[in-house]
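The two complexes that follow have subunit A in common; it is paired with subunit B in the first and with subunit C in the second.
Let's turn to the complex of A and B:
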């Protein structure tokens, strides 16, 4: 079965509604074949390109400019400080150095623990929901339901549920004989368990839906062929399902890493960064530095360092999962 | 529940959630409505009255009045605005409410882009920052023309509105920390009144324990733990900063003593460990604990419950009396295109609200004006007048731009120590050295 390889499956699986097809042969072929009518492509791209330029490219460049200044929107002089805002981040004696790396560490911890769960668990859920059984649509809806709630709603909800002294979670833990004094929101490592747990519960459905779409795109014939060749259940999963899901998998891993690295609302609402500032994530610190302390230059510098890290991580992901030619 | 400082948002999360959408919508509407008022004043050729805020005789104007009264205090202010509008047919004030943390971020941006409100409310410890950032304008002429005299205001409150020798806020109220207690619990423990000294306080906790209330005083690790800390620090004779607020001073012996006392509530078992945001207050409302320190604004919320409660001034735990308080100040926003008529109308509005602050006191506030505070009508407001007794001992953080940045470090120090993650001494020292760097940077930035 291994001889088919992923590219065959890609070609078989037509009409996939998802975006993660970077580098797939299908797209490449299409790109080169219609060189003559380029302007029509550009015409269709123009609206998005305009928005992209106005809301992403220009602000990003402006942000670089801001990061070289001591910038307060409302103060008449915004002195040029060169690379000082960046230098301060790498100087533990500065006002922001410690905080920044602490926040980066918090972000890394959250990402490292949430991403594997958010990649593996939704796959399991999607595999189950892809079976034929009564009430399937109901369960599909149930798993997706939390995702429709806003972060403010889930934040307040879990703050109350997880309260160490008056929360329902500890109340029932005591009822079943477990420890009733776990400080879910004010101590480590429990705060991370809570934040990762809440996030997995909240966003699992989204990833599951994408997996589900990917699963339904894999041709039945391949499974039948594998069965005829005597492949076991595991063999079919390993050699048909997984390769078939590769582009979806790369997409999910990438967006989940980015989403986790941008975590803000959960920590802001549930732990408030406590204990101390141990669960204050990078985005939370950037927001505080820029919008509360009005040090936009320093906040911009932090953003660019964070962005650089995210680009590196995305590149690594992309290379690890890139399509290997047979 | 009502009020807090901008940098201390934790208490208000729930309110934020409930009001964010509404505030967003009303902002949008305000943006749309803005142009009509410009039309109204554009053609005005009547003369402008310039008496600093006593009367307004110019053409009809619309004023945008922004504040953060999202709690039980909101309707009181709204009623006052309605009353003002009916009494002043030339001025139409439109009140827009949003959560304080949002407000303090949006107002500067709105002012910078020329779409800011005309009048607003700001907490006393944010005045300097907003003055330095050109968000609000000096009001010395208003104070003079309205014949606002220092002797009609409590000294601390009056002086707190001054930054660089100019007045930027007209004090509206004071809202101190108070000592709430469950009267039924006290009765059961054989106590006739709230303990007012350290010895009596220790004794009361023991008696409550004996009466079955072993966790009588929950010590929160977040809001309002830092308000308690400031009160206690001042009680032990310390201060937050040195004379010119260039250095943090909360890591003094007084500070360590204050924070150690807070932590001891947990270590001695009077408080459960790890009390998270709001849990102490929710517990009080469910009669789980007997003592609770919180702002005067909670009187309105507690009045709606069936909890048998009463409130007293803070007990004296340290060597002298002191209590943290906040104070709302009325401010006028800087305008990109100043409109004399609007400015004049704004002053009239400010004056009117200040004069009617007895109505505002009913929202759970202590009026800043002595004349109002000493009136029979205010004395009739039981809880407010009890807490007003603290007026001579209340203290504020210093009027220095960007002081909130340093205050946030102190808040974290309190959090770490109450949770037992760090000793009070270490925690305060760490926060102080961090705050010193921020104070130095701010000095450079604001040129103070």
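Let's turn to the complex of A and C:
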């Protein structure tokens, strides 16, 4: 980006004669050319807007409507119940409220333990990768590789590796003298250790790649200047790297919180929510409530409460970590 | 302050002399860390591949073998030939159709829309841009129930349309391509305007050829997203022959929890296309991801 402004016009002007129209400030300011306008624009937009309307706008509104009904797919009538679906969620005596807050708690536990790891570890990896050495791109690709595999592959693969009897994880733990029969998928806190560990393994490379791009945007001159001033390695990290990474850091924290709070596949495939429903996440409960038990009204209400939570958390993150105006 | 700075500067030469040795040590330590990490990231994938070529007996032995002692393609034979309940080859074809279909739809619709949003003038442009982009921040779970009901109304449940079309409505493609089009220099289009070329001609002849890397990146990201999609297909596809690979793997795991060699053979089938695509187009995928990150 960044090649707007007068310089563009000057460069253009140098190349060939221009009609005055193109230099006119209005057109420059709006960042458009006269490539088309009016109904032609709508023609260009039509295919996407059709999809957007049917699968984004309509569902968003329809979802609210559904959440105000007792929408059981197996029953002929779907009576209006107003806010009852929401009220039930906040009634701790109701079974569904109980389930919901258990699932929210599970989601919170997973988020609280996975996010710090996924914010700090990839930064370390990115700092190592940001040095000049041979094979840098190779290592970057290797660490990123698990991310291009879907959660289904990750889930079945780690189910094998974490198998309490024949899994390699327990096998090597025994070799180094640790306990060899940890029930990774059916006991606490091991189920959480497993889910967090697998998720870190799976997505570390993604965050590292984003950090690395951010690191490469920090001007070398700043580091040189800090060196000249005698800043130590830690001082350069603290006063050059971290401030330079601030926007990237905010972005990483936000997307990682959202991704963790949306965790589903790992728990579904590796622990199945076990032990009991301790590792059943909010998304897993919503999907089961709506698409297995077919109580879509209740599930829709849950999804809006969860979404509200997530948006609040994102807002808080944004304000806590935003650029401080001097 | 000045005195301190001077003092430090005076010590600079000696630290500069020490630098090479420290630098070598840093690089050495880095390599150790890098190689250790490589093992952590690669070993599970190696184990997956090796298990897929084991016999059931070897796959369920307590002593793990990293290279199969009696290499066997029995697991692949089993999933590719037998079984009406777990037709893995069919899932592979389904996954390909859905992922390629969705990626093509995403690229085509997003390119057209993003071009209009980046370069054309029309009423409601600002509002439309804001609304489309802001849906990127809406937690996707709120769409799941209504999408299911809409797919039901369209009678698309249990068909590939259900896992191909809804995902193409996401705003990421429009967002990425709009960023890209805005950053293109306007000179070329302006020349074409002077030649009285139609907007569509400009788009097709001038903009698209310039945008090949961006379009390829978007295609790859869209393909991989759909290829790996788990939640939606798990609940909108039911019959064994309608599944894609991710829900198929779940079914494979659920139907026989101890045939690890068969489950891993399925996982290999799901992994190879994604991994090959990534290796071929590594630069595009990684750059695509990092631009999403920075610009987001």
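Note that in this section the second predicted complex is superposed on the first by the 267 of 326 C-alpha atoms of A that agree within 3 Å, B and C clash if a C-alpha of one lies under 4 Å from a C-alpha of the other, contacts with A are read in each partner's own complex, and residues count from 1 in each chain.
To be clear about the criterion, a residue touches a chain if its C-beta (ideal position, glycine included) is under 8 Å from a C-beta of that chain, and two chains touch if they have at least 3 such contacts.
All figures in this text were calculated on a predicted structure; none of them were measured in a lab.
Participant: If you stack the two complexes on chain A, which partner ends up touching A:269: first (subunit B), second (subunit C), both, or neither?
Facilitator: both
Participant: Have a look at where A:123 lands relative to subunit B and subunit C in the superposition and call it first, second, both or neither.
Facilitator: neither
Participant: A:106 in the overlay: touching subunit B, subunit C, both, or neither? Say first, second, both or neither.
Facilitator: neither
Participant: Answer with first, second, both or neither: which of subunit B and subunit C does A:74 touch in the superposed model?
Facilitator: first
Participant: Taking the superposition on A as described, I'd like to know which of subunit B and subunit C A:164 touches: first, second, both or neither.
Facilitator: After superposition on chain A, A:164 lies in contact with subunit B alone.
Participant: State whether A:148 touches subunit B only (first), subunit C only (second), both chains, or neither.
Facilitator: second
Participant: Pick one for A:95: touches subunit B only (first), subunit C only (second), both, or neither.
Facilitator: The answer is first: A:95 touches subunit B but not subunit C.
Participant: Contacts for A:293 in the overlay, against subunit B (first) and subunit C (second): which applies, first, second, both or neither?
Facilitator: After superposition on chain A, A:293 lies in contact with subunit B alone.
Participant: Who wins on subunit A residues touched, subunit B or subunit C?
Facilitator: Between subunit B and subunit C, the winner on subunit A residue contacts is C.
Participant: For A:181 in the superposed arrangement: first (subunit B), second (subunit C), both or neither?
Facilitator: The first partner, subunit B, only.
Participant: Both subunit B and subunit C touch subunit A; at which residues?
Facilitator: Shared contact residues on subunit A (touching subunit B in one complex, subunit C in the other): 152-153, 155-156, 159, 163, 165-166, 269, 291-292.
Participant: Taking the complex as given, what residues does subunit A use to touch subunit B?
Facilitator: Within the complex, subunit A touches subunit B at residues 70, 72-76, 94-95, 98, 152-153, 155-156, 159, 163-166, 181, 183, 185-187, 269, 272, 274-277, 288, 291-295.
Participant: Applying the document's contact rule, which stretches of subunit B touch subunit A when the two form their complex?
Facilitator: 6-7, 10, 13-14, 16-17, 20, 105, 108-109, 111-112, 132-135, 218, 221-222, 272-277, 279, 282-283, 286, 288, 402, 404-405, 408, 412, 415-416, 419, 421-422, 434, 437-438, 441, 444-446
Participant: Name, in rising order, each residue of subunit C that touches subunit A in their complex.
Facilitator: The contact residues of subunit C facing subunit A are 5, 8-9, 11-12, 26-27, 30-31, 33-34, 37-38, 40-42, 44-45, 47-48, 51, 60-64, 105, 108-110, 112-113, 115-122, 125, 128, 132, 135, 137-150, 165-166, 168-171, 174, 179, 182-183, 185-187, 189-190, 193-194, 199-200, 202-203, 224, 227-231, 234-235, 245-247, 249-250, 252-253, 260, 263-264, 266-267, 270-271, 274-275, 277-279, 282, 285-286, 289-291, 293-294, 296.
Participant: What residues of subunit A sit close enough to touch subunit C in their complex?
Facilitator: Contact set of subunit A toward subunit C: 1, 3, 8, 12, 15, 18-19, 22, 30-42, 44-45, 47-49, 51-52, 54-56, 58-60, 62-63, 66, 125, 128, 131, 133, 135, 137, 139-146, 148-153, 155-161, 163, 165-166, 168, 171, 201, 205-206, 209-210, 212-214, 217, 228-230, 247-248, 251-252, 255, 258, 262, 264-265, 268-269, 282-283, 286-287, 290-292, 296, 299-300, 303-304, 306-307, 310-311, 314.
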